[in-house]
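Every chain is named by a letter (A, B, C and D) in the order it is written, and numbering of its residues begins at 1.
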Amino acid sequence: MEIKQKIAVLVDGMRNKIVERRRDFHQHPETGWTEFRTAAFVAETLSVLGYDVKTGTDAVKESAMMGVPTAEILKAAQERALTEGAVRGWVEKMTGGRTGIVAVMRFSDTGPMVGLRFDMDANDVSECHEATHRPYKDGFSSEHANAMHACGHDGHTAVGLAVAEILAELKDELHGSVKLIFQPAEEGVRGARAMVENGDVDDVDYMLGAHLGFKMQKTGRIACNVTGFLATSKYDAYFTGVPAHAGAAPEKGRNALLAAACAALNLHAISRHSAGASRINVGRLDAGSGRNVIGDKALLRLETRGATSKINVYMEEEALRILKAAALMYDVEVDIKKTGGAAGGSNSPELAQYLQDEAESLGIFDEVIGTCDFGASEDFSYFMERVQQNGGEAAYMMIGAGLAAGHHDSHFDFDEEALLYAARILTVSAVGLLVGKR
Amino acid sequence: MEIKQKIAVLVDGMRNKIVERRRDFHQHPETGWTEFRTAAFVAETLSVLGYDVKTGTDAVKESAMMGVPTAEILKAAQERALTEGAVRGWVEKMTGGRTGIVAVMRFSDTGPMVGLRFDMDANDVSECHEATHRPYKDGFSSEHANAMHACGHDGHTAVGLAVAEILAELKDELHGSVKLIFQPAEEGVRGARAMVENGDVDDVDYMLGAHLGFKMQKTGRIACNVTGFLATSKYDAYFTGVPAHAGAAPEKGRNALLAAACAALNLHAISRHSAGASRINVGRLDAGSGRNVIGDKALLRLETRGATSKINVYMEEEALRILKAAALMYDVEVDIKKTGGAAGGSNSPELAQYLQDEAESLGIFDEVIGTCDFGASEDFSYFMERVQQNGGEAAYMMIGAGLAAGHHDSHFDFDEEALLYAARILTVSAVGLLVGKR
Amino acid sequence: MEIKQKIAVLVDGMRNKIVERRRDFHQHPETGWTEFRTAAFVAETLSVLGYDVKTGTDAVKESAMMGVPTAEILKAAQERALTEGAVRGWVEKMTGGRTGIVAVMRFSDTGPMVGLRFDMDANDVSECHEATHRPYKDGFSSEHANAMHACGHDGHTAVGLAVAEILAELKDELHGSVKLIFQPAEEGVRGARAMVENGDVDDVDYMLGAHLGFKMQKTGRIACNVTGFLATSKYDAYFTGVPAHAGAAPEKGRNALLAAACAALNLHAISRHSAGASRINVGRLDAGSGRNVIGDKALLRLETRGATSKINVYMEEEALRILKAAALMYDVEVDIKKTGGAAGGSNSPELAQYLQDEAESLGIFDEVIGTCDFGASEDFSYFMERVQQNGGEAAYMMIGAGLAAGHHDSHFDFDEEALLYAARILTVSAVGLLVGKR
Amino acid sequence: MEIKQKIAVLVDGMRNKIVERRRDFHQHPETGWTEFRTAAFVAETLSVLGYDVKTGTDAVKESAMMGVPTAEILKAAQERALTEGAVRGWVEKMTGGRTGIVAVMRFSDTGPMVGLRFDMDANDVSECHEATHRPYKDGFSSEHANAMHACGHDGHTAVGLAVAEILAELKDELHGSVKLIFQPAEEGVRGARAMVENGDVDDVDYMLGAHLGFKMQKTGRIACNVTGFLATSKYDAYFTGVPAHAGAAPEKGRNALLAAACAALNLHAISRHSAGASRINVGRLDAGSGRNVIGDKALLRLETRGATSKINVYMEEEALRILKAAALMYDVEVDIKKTGGAAGGSNSPELAQYLQDEAESLGIFDEVIGTCDFGASEDFSYFMERVQQNGGEAAYMMIGAGLAAGHHDSHFDFDEEALLYAARILTVSAVGLLVGKR
């Protein structure tokens, strides 16, 4: 039996397992950096399959983690994971939110290193409890307050485990090595950097990633040449001034509210860049306390974007200077925290073409789309950028899935058939690279 | 026995009653427009004393009420009042938050109408639960969440009832009439306008008001010529735009966050007024939702002030125009609500002098201060302004009281001895006017 | 002799005439809408060659003229033209600055209408008087104060006349018709709209235009597929407030200076457009009078741009609303004048390809560039847009020319050899279309 | 003959001389720091009268001069003065614009030092040439382009010389010493600081100053208790950025225009001061060049004021920080120059009372006004402040004068009778102090 056929049979045989795992993850969603239960399950499963599994400080560089919750939140999540059956040994390794996993299987001494990345985190969304919402109706909706898999990462993780199992099954027929990256905190583009800067993909020759749904909201459709990842940076700026009674002694205040307002306006006036799209948004501004008090506190949440990392760096530098100038303008302090970021970029054209050929030859997709302009941000771009900088190739697929509602919506759900399409194309693509088709 | 002496005796005899009532009010604090229990008790008590008592639509003009809570909050407060023993008949008359009371006693057909105003509402403060805090230690601290008498209005109400009782007692010796105003919602300067515009003080010849503490933080001290009430207006501006994804289609948004930021800056740039002090403060700005969404909602809480009502009107007109222009600037809607206001002004000099003479002749005050520049806002000013405009005289006293902490602080408490000083000077002053001393 | 060879010979024979005319125009530069002498010379010459010549109200729609000088300036320029030898009849027809010319020659009743556009106006620049500046050294520098051909339109006009003469010479070999457009006021993109809206190119099938130099600063180079014309609009906004003494009565002023400053900031904060490049620039802001007077006057000169006309319309609408909002913000008046504009667009690909083929086959160009992204604005785009909207094709060439200094610089000069290249490629292209090569 | 009567006779006898001198100064107006001809005449005249005269570096501290014209302008003015008959020796001493004069006469070894200050400079105004304008009609209007005595300093100087002459005449009857200060550059409040910081009034016990007209626009009226001098500071801020093409590469610019606009808005948003009037005005903003160029230059002319010097210092510090923050906001440079300043303050009450008594007892004034709230700025305040700080007394009078038009108007002229009133009251007041009346 030809290897592609074997894969078809193996995927079919795992149908129930994939769906059950997806539903289990769905029921126990964990937001960014708190994926203790999910990651422990992944680690344990891969370990049993024979993978060499690293996590905690071996997989994640602490200084490069962005947007990490408070120690209290991490601790509580860790305890909850244990309560919910996570293997203590793994969970303890992940202390501090270092829930990323790198799992390697070596098939031969020579041959390429093929990387695959799956993201595991859930959203800060409360899942809807309506009879028409399938996860609720079928009893697998979120059991965690204010957390929901509303973006499909539950499916990504389930698919990743299936790919891992099939590759292990086929190991005698493969060359080179496979490296599976299970990434925390993709939401808010917070997690990839800490794995990339840990060197996790420095030895990768081909890097693959995928997302269910998004711009392909129909099962059976696929796009293999994703371009136009917008580079982005996320910042929180905390302004601190001095309060004063606005009637009795306004001159004694130092006005953080006005500093933030001034910053917001001038941030939006950052000059356009002639080399391509640039973006700035102050999405949140909360300032002041009482009506009759000079506002002494302000928080501003903003993001920059650029068609390229270079344009984003330009936006970022402008933004940081403006925040400082706004603080100086009102004689207040500003504390700026980077809470997220992603690189710009596009799929490596040759690898994209290879994926497209595989998708077409598989014969299971109704529609294989050529180029898909992403126009948004995903921190897979960090892996992509690093691998491409090192001379490797990287590509990201959008795998069609019928959706019940848009991503991040409390009514989000997807057609679970799409999980099988994802498992098939990812395994086939990886195997092709591991048997030297390119 | 001379009448002043009688008053001294009567006040002394009421010492326990005054303190107990103050403590009862303290334990059951009711914030602006929800003073159902307090007001019902006042109404019932005055009615029993023989006063002609009006409340509800007879005392408060609904269209002039500012900063009224939602119907749900009012309803819940009304029910709580009943639970806590308020007389149902009075509480029902006050439906909608119309908790103001006007109580008149006619001593003779001719003679002056003497008005006294007492405010009844509590603050949006959670009372401290520390062993050193007397109300907590002595078991009369607030039983209501997020409500506390942290400004002394519990004392004002208790004093008002004492004055009422003594005047009723002395009624055969008095001429003219007395009109007692128990006002809701002084905090946020929300309540006086609705009583003034109802005509409640249109027939008043002499209008008296008082505050415990404030600039006289020592029991035994008093200031009788209070000047420099700052006129003020309070506004909430709600901006509504259209959200849009900040990366994918920013041009489709209509940015309420920037409209609010723009408004804040330009409001603070309103020109100074050459005729006297003017003030503007945007004390609160809350805008936007997610970092990557064009902010479609914003709330701005602001206030204007002026050394005179005229200057405040100038500030107000500028502010309202600027809010509309900021909305136009970003093509968003703005809904502006007036939530409070007070007039400017100063005590009538002759009446202030009369009060000062009475305070000095009483012999109980250690220190009778001349002029006290208020430099803040109190909506007693509306009563004062109306009476003065009609050719009458009005004056406000600051009656010293030792304080445990500043007004509006969760540790606030005052020396209850001050209640007796207040009852004495207010009764004596009113009686003097009612026996024709001026 | 083959027609292309004839053209080569004819162009060579006109070398001196072309250079002399260029130098004569250079010496008598006329800025936008004052090209009376230049246009009268063009009209007279074309008329003598047998063209049917229209000018004044027959060629230019007055209501669509933008950025027209004052009546005094126009009158003085008209008189100067007469003094400098212009034919009175033509000059009088052009009264009011309607100096555009449309000249048609009909070769056969059927066949295409081929349009060619040349611009005639000079810049508001004072020409340099240095020994190294060839026009000055050779005695043909500007004789008009504050006017100079610093963009090469003198060459364009001279080339246009040569093309006209050769086409007339070859008229028996041609089919269809040719329509020559000599356009005023290209600088500031002010003139094209008035000719397009007059319907001057409504019957044109192929529209050609060209510029010397610009992004092709080497003689012998050419680009035939110019893309990325930025649509643009130019506005002047005049704010009028009320002055007041800044110390004695600032509240009596209405501050036009702050209105303009506020407008400038908010204009630059217009949201990016996701469909392509957008631009905004306030290039000039002049406001106020004395330091101690509330500024009652302000002038703001701005422009918007867009990768497409649609994006530019978005920018324009935002800008106009913001200007009005800024006026409302400071209670001042604003008077907004549109002073220029151009459409967005790109060459018709087939026509561009045709031109490229002709350029290559001519054998005189060292370098035929493929696509050239313009990234700036030129009001030839209005002609292009109209012809393309009507189902015709339009294209613009950049014809290389060695430059002494950049465009609009007082040291600007170009290699006159380039005039011959321009005459050759324009005539050959037009003739090809007129003999039915497409 | 009593000394006051002598003074009356002497003043009357000088009537023609005073008027002629005033007209001569009027015809030869010299703006701030260029008063070479005027000052040389003053120096020569006082020297001849026996005064010890200092000028140049002996009278003016160069580092404290504000708003000094360029070297070219100073040089040209110096030469013009010589051409117009100024004594070369004096003019040369004044090189660099150091035109201030300090002239002392010592009457006795003991006794007070009485200072009188007169200002000499003209305005940057072109005098009107209408038949109804008396200076023009009578042939003594300004012979200097763009310079005019439109504020009455010509009269002040003429009066100062008369006072000097009479005091010299009466020297045997006087005790103590007199010190006459003839100050340059009062317009723009630029000159006083350089004399005060030179120590010119450090030994003065009583300091007198006066202005014709202003708030007393009727001959025969006088105000002796002038209060409410607003402290003020004048600044010019020059922003320098980097130009760039607004279409092709806006991100390469550094936008000085926006920096200035941002500064203007935020300057006007400086918080009010609770201790008294504060003012800010950006009276002039000129920025940018071409419409399509990122503006790389901007000039902002501003002033701050305060009811007291302390409030003005607060405004100044805020303003300076804001200017720097605006530069940082747009990554441009800012160069800030202080061009003027005055102190706040009020007349010494006792000295004001003395002056009022003298004015009343003289019997020549129709109306002696009590307190006059100035509400504007005059740099006499620097002298006043220094003398008061040293324990002395200082006062400023407004001496009524009928006016043809407001101060600084090109139609300004005053009733020359007022010169005699001024000479009388100033001499009498000084003499009174010098004979020990206080």
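Operating definition for what follows: a residue touches a chain if its C-beta (ideal position, glycine included) is under 8 Å from a C-beta of that chain, and two chains touch if they have at least 3 such contacts.
All values derive from a computational prediction rather than experimental measurement.
Undergrad: Report back the single chain whose CA centre is most distant from the CA centre of chain C.
TA: B
Undergrad: Select the interface copy of A-D from among C-D, A-B or B-C: the correct pair shares over half of its contact pairs, counted by residue number.
TA: B-C
Undergrad: Approximately how many whole Å separate the CA-defined centres of chain A and chain B?
TA: Going by mean C-alpha positions, chain A sits 54 Å from chain B.
Undergrad: Would you mind pulling out the distance in Å between where the CA atoms of chain B average out and where those of chain D do?
TA: The answer is 51 Å.
Undergrad: Please set out, as single numbers or ranges, the residues of chain D touching at least two other chains.
TA: 248, 250, 255, 258, 262, 265-266, 268-269, 271-272, 274, 279, 294, 375
Undergrad: Please give the residue numbers of chain A that touch chain D in the complex, ascending.
TA: Of all residues in chain A, those touching chain D are 248-251, 253, 255, 258, 262, 266, 269, 271-275, 294, 314, 318, 321-322, 324-326, 328-329, 331.
Undergrad: Quick one: which bits of chain B touch chain D in the complex? Just the residue numbers, please.
TA: Those in contact with chain D are residues 265-266, 268-269, 271-272, 274, 277-280, 375.
Undergrad: For the complex, give me every residue of chain A touching chain B.
TA: Interface residues on the chain A side: 230, 232, 234, 245-248, 250, 255, 257-258, 260-262, 264-265, 268, 279, 281-295, 298, 301-303, 305, 375-377.
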